[in-house]
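Letters A, B, C and D name the chains as they come in the text, with residue numbers starting at 1 for each one.
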Amino acid sequence: MSLLTLDAVCKSFGSTRIINDVSLDIEAGEKHAIIGPNGAGKSTLFHLISGRYNVSSGAIGFQGKSIHNLPPYEIARRGIARSFQVTNIFPRMSVFENIRCALLWSEGYRYSFWQLVGRQKKLNEKSFGILEQIGLSDKAQLPSGELAYAQQRALELGVAIASGAELIMLDEPVAGMSNSEAENAVALIRRITEGKTLIMVEHDMNIVFDIADRISVLVYGEIIATDTPENIRGNKRVQEAYLGEVPCDA
Amino acid sequence: MAEVFVFATLNGLVTGLLLFMLASGLTLIFSMMGVLNFAHASFYMLGAYFAYTLSTYIGFWGGLLIAPLIVGGIGAAIERYGLRRVHQSGHVAELVFTFGLAFLIEEAVQFFWGRDTKNYQSPELFDFALFSLFGQEFSAYRGFMIAIACLIFAALYFILTRSRVGIIIQASISHPQTVANLGHNVPLIFMCVFGVGTALAGVAGVIAGPVLTTFPGMATVLGSIVFVVVVIGGLGSLPGALIASLLVGLLQSYAIAADVGVPELLNQFGVSFDSSHPLDDLWTLNLPQVAPVLPYLLLVLVLIFKPTGLMGNREE
Amino acid sequence: MPLIHDLYHSQSKKNRFAAQRSIKKIASLTIGAVAYTLSLTAASAQEPVRLGFMDPLSGTFASVGTSGLKALEFAADYFYNSRGGILGGRMIEIVPLDNKQSPTETQLQFRRAVSEELRIIFQGNSSAVANTLNQTIAKHNRRNAGQEVLQINYAAVDPILTNEECSFWHFRFDAHAIMKLDVLTDFIAMNDELNSIYIIGQDYSFGQVVADNTIRLLGEKRPDIEIVGNEFHPIGQVKDFTPYVTKIASSGADAVVTGNFGADMVSLARSIIDSGLTVPIYTFYAAYDGITATLGADGKDRIRLIHTDRANPLASDERREFYRAFKAKNPDSDITQSRLVNALMMVVQAMEQTQSTDPYDIAVKLEDMRFTSIAGDELWMRGEDHQLFQPLYISKHTDEGIEFDADNSGFGLFTEYEVSTEDTLTDHSCRMRRPRR
Amino acid sequence: MKKQFPIWLGFALALILLPQIFDTVLGISILNQMTIWIIFALSYNMLLGQGGMLSFGHAVYFGLGGFMSVHALNLIADEIIVFSITLIPLVGGAVGLLAAVFIGSFSTRKSGTVFAMISLGIGELIVASSLIFADFFGGEAGVTGDRTYGPPFFGIEFLQDAEVYYLGAFWLFVATLFMYLFTQTPAGRMANAVRDNPERAEFIGYSTRRVRFISFCAAGLFAGVAGGLFAINYEFITEENLNALTSGRVLLMAYIGGLGFFIGPIVGAVILTLMNSLLSNYSEMWMLYLGIMFLLTVLFLPRGFAGFIMMHQTAWQNRRLGTLILPYLITAIPASLFLAGFVGLVELSHKGDDTLSFFGLILGTESMLSWGILLTLTGIGALGVKLSGPRLDAAWVLANTVRSDNGGDAQ
């Protein structure tokens, strides 16, 4: 049984249809990439799955339960974590605090106002553990807004995976990075998504073909193909619609 | 009863259009700059005071021409040397800045003009009744107020829809980011918009001063209501501001005119309470008494059920 | 900002302050400001008699307070300080206490007064403030025997202050609202042309007292007069009175009675005038502080107000002299409340008679004191409720026969009707608790 | 907590010792005001500083708590209930909390302008109803109570303000401690997160509305506690303690003090209380100065006075704080000249026919010399500040440049 299922999902803004009849199954443990030209609706699709937007029609299921049109926090609690295309962290809080906040719900603290976070040994150890994983241990006390760009992206990843979600969705995780930074980031992504399910949107084809088990191609709001990287490379429609236009050796 | 209704409508119209003169500038400023200018009514007060002083030298008409220019100039200067700096510290800082500005302008007015009520009179030209209905007069000056307000609305409408400047402004209302990307000098546009917005408030002050009395509290009386109007109408929507202004003006006017209250309502159901009842204050409540708070009630209701306001579509 | 306080007091208290400062050198200037206030409590031999004047001196209501302060300071200088002082050569010093017309600030300023050993406080504006001060003083005097404070109320007219809430430590030098309304309704009742009255007022206690008692008194005196409207509007929040005026016009009222003050008074009167209504307005506070100037020619002969001062023509040369001297020193101000002068003179007389500045002694002496004011009016302070009785006057806003105008506008008040002291006597429900000494 | 123990001990000691230093009636009265305003301002900062909710109606909770507390005092006095007045702030807190639960249930859905406007509207509605429902709110005169009834607390009957001060100081300490601890709980941390980035907070599993609601309720609770203390201290309360002016004042305090720091509102409350109670005794124009100071703070110290102090942290860590003293002094001299001149000008222009005593000079409005002196002073001051400015800047940069390798970049 698939972990995440999209069934005939549509999304319109006013009269403009952005996502048109998208159906997709993601298996547990799969690393899935979504590619497509700019404006194809990739980010919108992410927003629909993660609950930022409501679907216009269709259904989204996660672990066999319907999740579409739930508020984002409900979806997050069920085990879907995501990162954003534009860095989206808590800029005035310290790096450590960012991670710790991301952990709070999954560690069962809910809206507690009778426990002191400083006293929660396990919580703090776990937060440091994640900082170690993303390589920001030495910046723990710095306000996260003052981090360098690549470090902020790393923190963004850290915040996304902290809760130990089953499904991790990354929106262009290496956009705007230099080659060496991107290499580190890819290694990091591999490390932290080990044993998890991953959906990612990425423009850098090297990375996509490197990481992904399967690839979906989204063009003008429709999925024109979903297949293994090799088959996608050979798919004629994809080449016409997408690969043909964009040189992939960026 | 008919005469009460007719005059209540006229009064509501005058108040509503006056509110609109203020609200239009505020909406313009908010649409473009994202700044909710708490001090907007203070510029209205400045308009009245400058016009008062000018009118003692060059008469009412001179005041009407020059006072808004001065107010607009002050507004532009405040944008250039104050708001622009505060802008870096975020929206809350901007709001708090204008909040403090309102406070300071009121103090400054008292400093320069004193705390007394000023003897600012409408020109003698208008010292006649425009028409007389059921034995009541409608003064020519109020007619003049309506005319000016309509003129401003027409001018704004024309500028916004027909001129190049207007197209830029309209674009800024819907897509503030894009305009900057198109290479327009956004700081300059901001300064001008703030200047024009405050000048509009100044015009309102000039023509309202003689009727609503020119005194240091005149900004406070109007201040939060203008705010309420803009929010009810929908932040950033000029038609919304017009509708909300008229709505608030008429609502208050009708509420005052209507002599109904809880006692009448209860009588309908044959219920009455004696005056020693602990909730006596509630049972004797009547509409004119609560008229001034109706806009706030409307505000809260609108925000609960349609947080973008009546005509607004922009969420923050 | 502590600098300001340095500026102000570097003069008179320089030495003491310097000494104080050397002790607290390490303390910051701000703390120094507090410390300085401490030093004020020290006393010396021929020190002045210090009287507190508590009224709004900043903020929206300040114009009334500052004009009162000017009048009181001038009266103290004119009658006493320039003539060698009181109690064998002591000068009177008026200490302004700015309560911003707020009950909370009143409490703060009261504590400051106690700190500075001000034992007599003149206070007038706002009945809410007067009530607060009355109760604060009552509590303070009960809890701090030997440090009592006396309230000299020169303008707050809420009847309860000399009825249910009367206190031994409170004396009122103004006529209370019902006394004034009694006279005002007499005057209205005399006018046979008036058949219907519209009452409009601010929605608070004074407005309600005015409305209730106008209806009651007119009902007794002229049952044929119809009350065609009884309207309350929120205090200080009405932008435009025209909607109310519309109601007045459609009610067909012959006259309007209102207790409005300040901007609410001006706006109401202006709206009535602008709407072409010709009804007369009977009121309390429609003169001075810019109001007379704003009403100007439009309000001529239409506005009548009840007050305790005989307006033009002034009754005595002594009072004329006093007014002229005041005008010479303060060309932009007027003596707006001459009962402040009466209060000062009666308090000083009590001091002279007892040779004491102790509030208890003064209070005992003030009870049942009879006094002739500079205007020649006979005044009587009733001992039972500490209410002063004095002649009451009704004057109209006009520019004819005006010797002393208001706001330098050429317009002023001309007295039309007068009621002698005896005729203003009213009952009271005061059961005063007298402290034992 | 352990690391901060000395700070809390010092705070407690200061609270105990202050009335020994300022022991006049006025001194105690100012300290009493401070206890009330500090709690109130801290509670306000739970909204704006910690939770990112700009409220224009926080006085509602303060006032409602206060009104109920005064009524409670009266019930005690009439012997309808037996209750120690030392616990009155709890009554205020409970009422503040109840009101916040009710109003927060619909107003915390959004932050930003929508929240701010709802708070403004609710504030106006409550003020208006306070004048309409005169039985409960006592009209414009308010309601009065007497704190000296009820069972005495270890023989103390709270006749004197000084006794009330210690009660207030106790509650101030408790409230401050709890408000600080709140910031260290999951709900408190998430309030910061929601302030920084509401969208992201939703994606890590938190309903922003719920997080805001909890902060809002806590803020209402402590505002109510402050209201209860107000009731005990003043023994009366009026409509003005609910209205927009009071709400504006607490906003001012929090902002001037510094929103980003826990201690900020404390600094702001102390500064504003002192200005309000002392400055107004010396100048009718004090509100003008207050307005100017407020605008200058927003313009030049966006993080408030606490932020200004904290700006020196780097210099302190670099051990170069000392190098700033001289440049500060050099700028301070012309700055105080400018200030003196400016204040002199403002005061003189408002003197009318009176004279102004100015550092031993008697200045009159008629005399051109007087104006000349003040204008020259102001001019010299302004010029001096301008000339000494670059030097101060240079010193600042130097002091904040890292000397060795201890983290952080040069500003």
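Criterion: contacts are C-beta pairs under 8 Å (C-beta built on N, C-alpha and C of every residue); 3 or more make two chains touch, one makes a residue touch a chain.
Keep in mind it's a predicted model, so treat the numbers as computed, not measured.
Student: Please list the single chain whose C-alpha centre lies closest to the global protein C-alpha centre.
Tutor: Smallest centre-to-centre distance to the global C-alpha mean: chain D.
Student: Measuring centre to centre with C-alpha atoms, which chain is farthest from chain A?
Tutor: That would be chain C.
Student: Between A-D and C-D, which chain pair is linked by the larger number of C-beta contacts?
Tutor: C-D
Student: Return the distance between the CA-based centres of chain A and chain D, expressed in whole Å.
Tutor: 43
Student: Can you compute the centre-to-centre distance for chain A and chain B, using the mean CA position of each chain? Integer Å is fine.
Tutor: Distance between chain centres, rounded to whole Å: 47 Å.
Student: As a quick test, compute the distance in whole Å between the mean CA positions of chain C and chain D.
Tutor: About 34 Å separates the centre of chain C from that of chain D.
Student: Report, in whole Å, the distance between the mean C-alpha point of chain A and the mean C-alpha point of chain C.
Tutor: Using C-alpha averages as centres, the distance is 73 Å.
Student: Check each residue of chain D and list the ones that touch at least two other chains.
Tutor: If we look for residues of chain D contacting two or more partner chains, we find 128, 132, 285, 287.
Student: Return the residues of chain B touching two or more other chains; collapse runs of consecutive numbers into ranges.
Tutor: Residue numbers touching two or more other chains: 110, 289, 292-293.
Student: What parts of chain C, by residue number, touch at least two of the other chains?
Tutor: Each of 62, 66, 203, 234 in chain C touches at least two other chains.
Student: Considering every pair of chains, which are in touch?
Tutor: So the chains that touch one another pair up as A-D, B-C, B-D, C-D.
Student: Can you tell me which positions in chain D touch chain B when the two form their complex?
Tutor: 48, 52, 54, 106, 109-110, 112-114, 116-118, 120-122, 124-125, 128-129, 132-135, 244, 248, 251-252, 255, 259, 285, 287-288, 290-292, 294-295, 298-299, 302, 346, 349-350
Student: Please output the residues of chain C touching chain B within their complex, sorted ascending.
Tutor: So the residues of chain C in touch with chain B come to 60, 62-63, 66, 203, 231-234, 236-240, 242-244, 246-247, 249-250, 263, 266-267, 270-271, 274-277, 289-291, 293-294, 296, 407, 409.
Student: Where on chain B does chain D make contact in their complex?
Tutor: Touch residues, chain B against chain D: 36, 82, 85-86, 88-89, 91-93, 95-97, 99-101, 103-104, 107-108, 110-111, 224, 227-228, 231, 235, 278-282, 285, 289-290, 292-293, 296-297, 299-300, 303-304, 307, 316.
Student: Applying the document's contact rule, which stretches of chain D touch chain A when the two form their complex?
Tutor: The contact residues of chain D facing chain A are 1, 181-182, 184-190, 192-193, 195-197, 199-208, 210-211, 214, 218, 260.
Student: Provide the residue numbers of chain C that touch chain D in the complex, in ascending order.
Tutor: Per the touch definition, chain C meets chain D at residues 1, 3-5, 7-12, 30, 33-35, 37-38, 41, 57-59, 62, 66, 97-98, 100, 102-104, 107-108, 111-112, 114-116, 127-128, 131-132, 135-136, 139, 143, 203-205, 234-235, 329-332.
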